[in-house]
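Accompanying notes for the structure given below.
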Amino acid sequence: MDTITQETTCILALVATLMPLLSFAGILLVPGRTDRGAFFSILNISFSLLLSVLVFIKVWDQPVVHQQLEWFTIGNWHFKAGILINNLSALMLLLISLIAALVHIYSLKYMEGDPYLFRYWAYLGLFCFSMFGLVITDSLLLLYMFWELVGFSSYLLIGFWFTRKAAVQANKKAFIMNRLGDLGFLTGIMIIFTQFQTLDISLLFSEGGFVSHATIQNGFWVFSSNKMPDIWLTIAGLAFFFGAAAKSAQFPLHTWLPDAMEGPTSVSSLIHAATMVAAGVFLLGRIYPIFNSEVLLVIAVIGAFTAFMAATIALVQNDIKRILAFSTISQLGFMMLAMGVGAYGSAIFHLITHAFFKCLLFLSAGAVIHEMHHLKEKYKLDIDHQDIRLMGGLRKFMPLTFITMLLAALALIGIPGTSGYLSKDAILIQAFEWSEGQAGFWKVIPYSALITSWLTAFYISRLIFKVFFGRLRLNDICGQTFSLHEAPKIMTYVLVALATFCLFPFFSFNPLHYEHSWIIEGLNVVSNIGRVNIYHTLIPAAVNLFAVLIIYLSFTWYVKRGKSPDLSNSALFRFAENQWYFDKIYQNSFVNGILLLSRSVFAFDKAVVDGFVNLLGRATVLIAGLSQWLDRRVVDGVVNGAGSVTKIIGNFARHFQTGRLQHYLVTMLLIVLSFFIIKYFSQAI
Amino acid sequence: MSVEQIIFYVFAAMVLSSALFVVATKNLVHSIFLFFITLFSMAGLFVFALADFIALSQIVIYVGGVLVLMIFAFLLSNKQILDNPKPMRSRFLGIHHLPGIFVALVFFLVLIWTISLVDIGQLQWVKESQENTVKASDNTIHYIGINLMTRYLLPFEVVSVFLMMALIGAAHLARKERKV
Amino acid sequence: MIPLAHFMFVSAALFCIGIYAVLSKRNAIMILVGIELMLNAAILNLVTFSKHDKFEASGQVFALFAIILAAAAVAVSLAIILNVYKYYRTIDPTKIDNLRN
Amino acid sequence: MSLLSLLIFIPLVAGLIILLLPSIWQQHYKYLALGAIVVQLLLSAYVYLNFDGSVYSGIDTQSKYQLVERLPWIRLDLGSFGALEIDYFLGIDGLSMPFLVLSSLVMLVALISSWEIKDNLKGFFALFLLLDTAVMGVFCALDFFLFYVFYELMLLPLYFLIGMWGGIRREYAAIKFFLYTLFGSVFMLLVIIGLYFSVTDPQTGNHTFNMLHMMNPDNYVQGSIFSALANQELFGIPARLLAFIVLFIAFAIKVPVVPLHTWLPDAHVEAPTPVSIILAGILLKIGGYGILRICFSIFPDAAIESAWWLGLIGVVSIIYGALNALAQKDLKRLIAYSSVSHMGFVMLGIASVTSEGISGAMMQMISHGFLSSMLFFLVGVIYTRVHDRQIPNFRGLALIMPKYTTFVMIAFFASLGLPGFSAFIAEAFSLIGAFNSESINGLLPRWMAVCGSLGMLLGAAYLLWTLQRMFFGKTRLWGGEDWRQKLTDLNGREIFALTSLSVMALLLGIIPSLAFDKMNASVLELIRLVNLR
């Protein structure tokens, strides 16, 4: 591609990025009705979508587009800002703009009637802007900036209903946990900058970039003239992963995501299912070369563990959004696992497919919640409208929603013919292949992933069966017969549109062979393993056979017999229900610990530091008082002595000065008398 | 004891007792009339001191002038002066009289002591003044007149001027002030 | 012949009565009376000693002056007392303590 | 009269005019003060636009300073001590120029917030303008004696401004502030005198107070107390190190660093809003500026020697300040402690002696100037409305004061280092510089930067927690309906002040080159000087 097309591509991408910012600024700065901005944002995001498609077409399977400008200079370091679009970022750009546009349209109906709607559109605009910026930027510093901005807009959106206590606690928690991850990211940036003196992604991480030139020599990580102990390479990888883990809700920083479900469902679907949480995976994809084998192993282990843990928790949750949230965590764990085992392309592929079907799951759930909420408002019921225990039989009322959600659930399970089958099997197969080369214990990882995918099948089918099959259990509880409606038309259009993306043809014309997917082909530069391995046939067959069995099991539990074995008293059940007690542990150890620390530090500050100052002050005052005393008694005493004697005499004499004539006379005569007497006696003597 | 002596002591007793009554009584008018008696008796004493002119002057000036002045002053001016603004403190030996009594007594003792110590009758100049001593038959007015017009002319004139000043001043002070 | 000392005892007694009146009376007029008593005591002394000064008769002359001055003093002080009474509505000298402090 | 003198003395003249005007016009004093400060702002904007950062790198060469003004001020022949040579010597380089703009803008905002002052207006505005003069003078002065004069001149109006227009414990706070600062500056005077007797003017041979001569080791008298070659010792410590420490303590009190910070919360809490704004916005920066301009430039050898300790102090300040802020219930005290935390980044950046670190520290000072002014202004807004600022007494302010909440969110997120605002660039580069230091000059270990970054996390914690407690949720006020009536949203004047500050913070966050371009050469020059030793 020549430079002119490069420039135009960059400008297209830039405009696509800036359009949502325009809606953010425009809506906030132009005063008007509180529900203004819907049309403006949808227009802008659609324009972005259009431009993204253009960019995608231009860039896909073409040389990387990279343009940059001087941004600022510090000392001798020049920092540049620029746009770097390769296959990965073009794909992400397209994905984000597509899903964002659909969610925008969906929100039109879903959020209708909210008193502060303009803020919603503005925040969505800010989010889309930062997400676009995050995927197209070429500098780690800018990436970091957008990374935090994404967190910030997520903060705003989670706390959109800021009068709800849970919402504001959730958004604070989300932001602070993300901040914790950001510190890891920042540490990574510091290490990279110290070692390579640049933060330009294309210089650092492209093929033959700086990172690949750095070598390990005698325990030092060397690049040209810079070197530092090789532990810092591992630390850098871990630090970046820590940042990614926070954003992608991986253990141990996953607890914010379930709470984040306090935000509007459309937001959850866009941010906490499809796009933002995937940013962590995207980051790992961008800086993949920095990770050495130890870090990759850590990533794989944490990914697998998170996937398993979240799936177990999802088994026992009753809040429809929370089940989906844990499912998201679990699926993100799969992606991390894929990154860790070197299946870079599969991770991204799963990111894409997951984005669609998880978004669809959320939006369908949103439709259900929307209707349940209507019901609640209409009859003034005191119920939790997100509790699946109250639902049931909704398939009769909302057939379209049911079908789309079913499709998405099948994709999540990975039934052949869906997009999820392709990507999930890719990850599983590659994980098994990777474990061939690993020693002993690490062979557990792919098996845990296998188990996780079965757990997935169970919890999602439980969700579907409980919500859509059987009878409406709300009737039993309230003793009334309710009926619901299908979701508004606009919402169903969006659901249908998304549902089509859950099918295989969009990703691969061969429904069974993930290697033929154009995404994998476009991204996976290293994958050259053919279908030689036994895993390639064995695993999909095993997974799906068993998954179908599990679905049948849950069908018998939840639909046919209408009741499931009650395990709610078993320790494992409670362990899962309390989300493995992470929240409690964090609250008790870190949050309370920090608060206690801060209070004691403040007490220390007041008592010791300030106390010392005040003590000094008091001591000075004391010494001053002492010297003043000395001054007054000894030095001044002599001077004042005469004066005070006079004063005492004066005071004494004052009593004679009564103003009474007769007193004067008495005194006078007494004096005369004494004079006489003295005179006489002195003479006598 | 001769009659002369008896009469002298009677006069002395009258002077002292009336004077005591003057200071002891609570009624102002009574005390002034008693004061009148005191002055009369004093005049009697002067006679015994062979100063009949002085005795006469005493009666004329004091009794005729001063006392009348006093009484007239009271009568002419506000009558309230005569009744005490507050009832007099009841006891003669009230606490606020004590300094006065004490001083007076001490003074009295000192004076008596002094007088007895001096033994006036044996004083040098008294003894040497045999020639110069007035006899009961002498006319003292003659000498007084000569002395007033010669030796004491200046004081005499000064006193007369002073007397006039005092009279004018008294008249000025005592006149009713006209409110301006 | 009456000894000089007897006159002087009377004079001393009278003087002390006068002192007492001056010192303890709460009435300006009584104080004035006390002063007069003291003056009379003094005059008595003058007159008494004048007995041994026949030709110059200074004692009697002074006694005369004293009487005259006493009369003048009485006149003036009565005027003052009246004025004081006009201002303060009292002739109690203990109440008239404007000089105090 | 050159531009800098105008900049310094315009407020003084306006203050004198206010003193001379009769009190009947006291409602109009503020307009006069406003006029003076607007003129000052325009002048400083002109200076900014005409400042060429790459040419005028300053530091130790007079020809590299812009707008130099050097007049003989005091010349006394002291016989055997030589001639006293004190110049009226002004000039700006990349280190001082940004502060001129910062000061005049912060002064403007402080003045806008003093609209609320109601009593003794004559005294207030006269002292305010005197303070302005002193601050400008400190940033422009290049003669140490002149610097000291302006430095001390600042104390006086501040003492009275806190002591007379402050809160309940204002006298305690004012005296504490005064004594703290005086404690520092008295010892500084000793060092100044020592320097005077150690340094001679190469042209005239007289002893001199000229700072630029003090930076050149050749100008030191042989064997004098602060001569680098003589290696004199005082109390068993090298004299130059001791002098550095004394000067550092003097400026560190201003910054302030833990453990010399305790005057700050008290002074802030008791001071009236405009004075808090000036304290946080400008006064703290004088500490950082002094450390760069004087401590590091005159005693580079000692600076290098004690860099590790400075870095440690910075890290401790960051974390300690943040933890303290987390425990506060008084909003103003919280912000005061957050200042301690944020100024810790300045120390960390300076101690690294890398171009990123020092630029980051400079940026942090500028950014903190804007942001802390904004924060204190915001506290002042609710305080003047209901005379309360206890965090637990407010809840759900967002519902009744939406504009106010918007600005609070901007200020909070900007100061917790949200990218797009200046504080992010500043903190990130202070940390990067500190991290880089081990590779470049080996002064600071890497863990310091990592620990320092924890401050950013704690910053998010206390600010967001405050935001949650005070602004979100259902509206519940301690003062009930009465407060609800009084808590009106921002008016135009307040919006103007807040907007200008947030625009500055945003501009510097997006286009940091606005500041970096002006100071790059100076920072490099300073690093060269320090590394020259």
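So that you can tell them apart, the chains are marked A, B, C and D in the order they are listed, and the count of residues begins at 1 in each.
Just so it is clear, a residue touches a chain if its C-beta (ideal position, glycine included) is under 8 Å from a C-beta of that chain, and two chains touch if they have at least 3 such contacts.
Please read these numbers as outputs of a predicted model, since none were measured by experiment.
The most central chain, judged by C-alpha centres against the centre of all protein C-alpha atoms, is D. Centre-to-centre separation of chain A and chain C, using mean CA positions: 115 Å. Rounded to a whole number, the gap between the C-alpha centres of chain B and chain D is 97 angstrom. If you average the CA atoms of chain A and of chain D, the two centres end up 35 Å from each other.
Once the centre of each chain is set as its mean CA position, chain A and chain B turn out to be 120 Å apart. Multi-chain contact residues, meaning those touching two or more other chains, occur in chain B at positions 99-100, 103, 107.
Among all residues of chain D, none touch two or more other chains.
For chain A, residues touching at least two other chains, in rising order: 662, 666, 669.
Listed by chain label, the pairs that touch are A-B, A-C, A-D, B-C. Across the complex, chain A meets chain D through its residues 71-77, 141, 144-146, 148-149, 152, 159, 162-165, 167-169, 172, 175-176, 179-180, 182-183, 186-187, 189-191, 193-195, 226, 228, 232, 594-595, 597-599, 601-602, 605, 609-610, 613, 617. The part of chain D that touches chain A in the complex is made up of residues 176, 179-180, 258-259, 261-263, 320, 323-328, 354-356, 359-360, 396, 398-399, 413, 418-420, 424, 428-429, 431-432, 435-436, 438-439, 446, 449-450, 453-454, 456-458, 460-461, 464-465, 467-468, 471-474, 511-513, 516-517, 520, 523-524, 527.
On the side of chain B, the complex with chain C involves touching residues 4-5, 8, 12, 15-16, 19-20, 22-23, 28, 31-32, 35, 38-39, 42, 45-46, 48-51, 53-54, 57-58, 61-62, 65-66, 69-70, 73, 77-78, 81, 84-86, 88-89, 96-97, 99-101, 103-105, 107-108, 111-112, 115-116, 119-121, 125-126, 129, 131-134, 138, 140, 143-144, 147-148, 151-152, 155-156, 159, 162-163, 166-167, 169-174, 177.
Within the complex formed with chain A, the residues of chain C that make contact are 19, 22-24, 31, 93-94, 96-101.
Touching chain C in their complex are the following residues of chain A: 654, 657-662, 665-666, 669.
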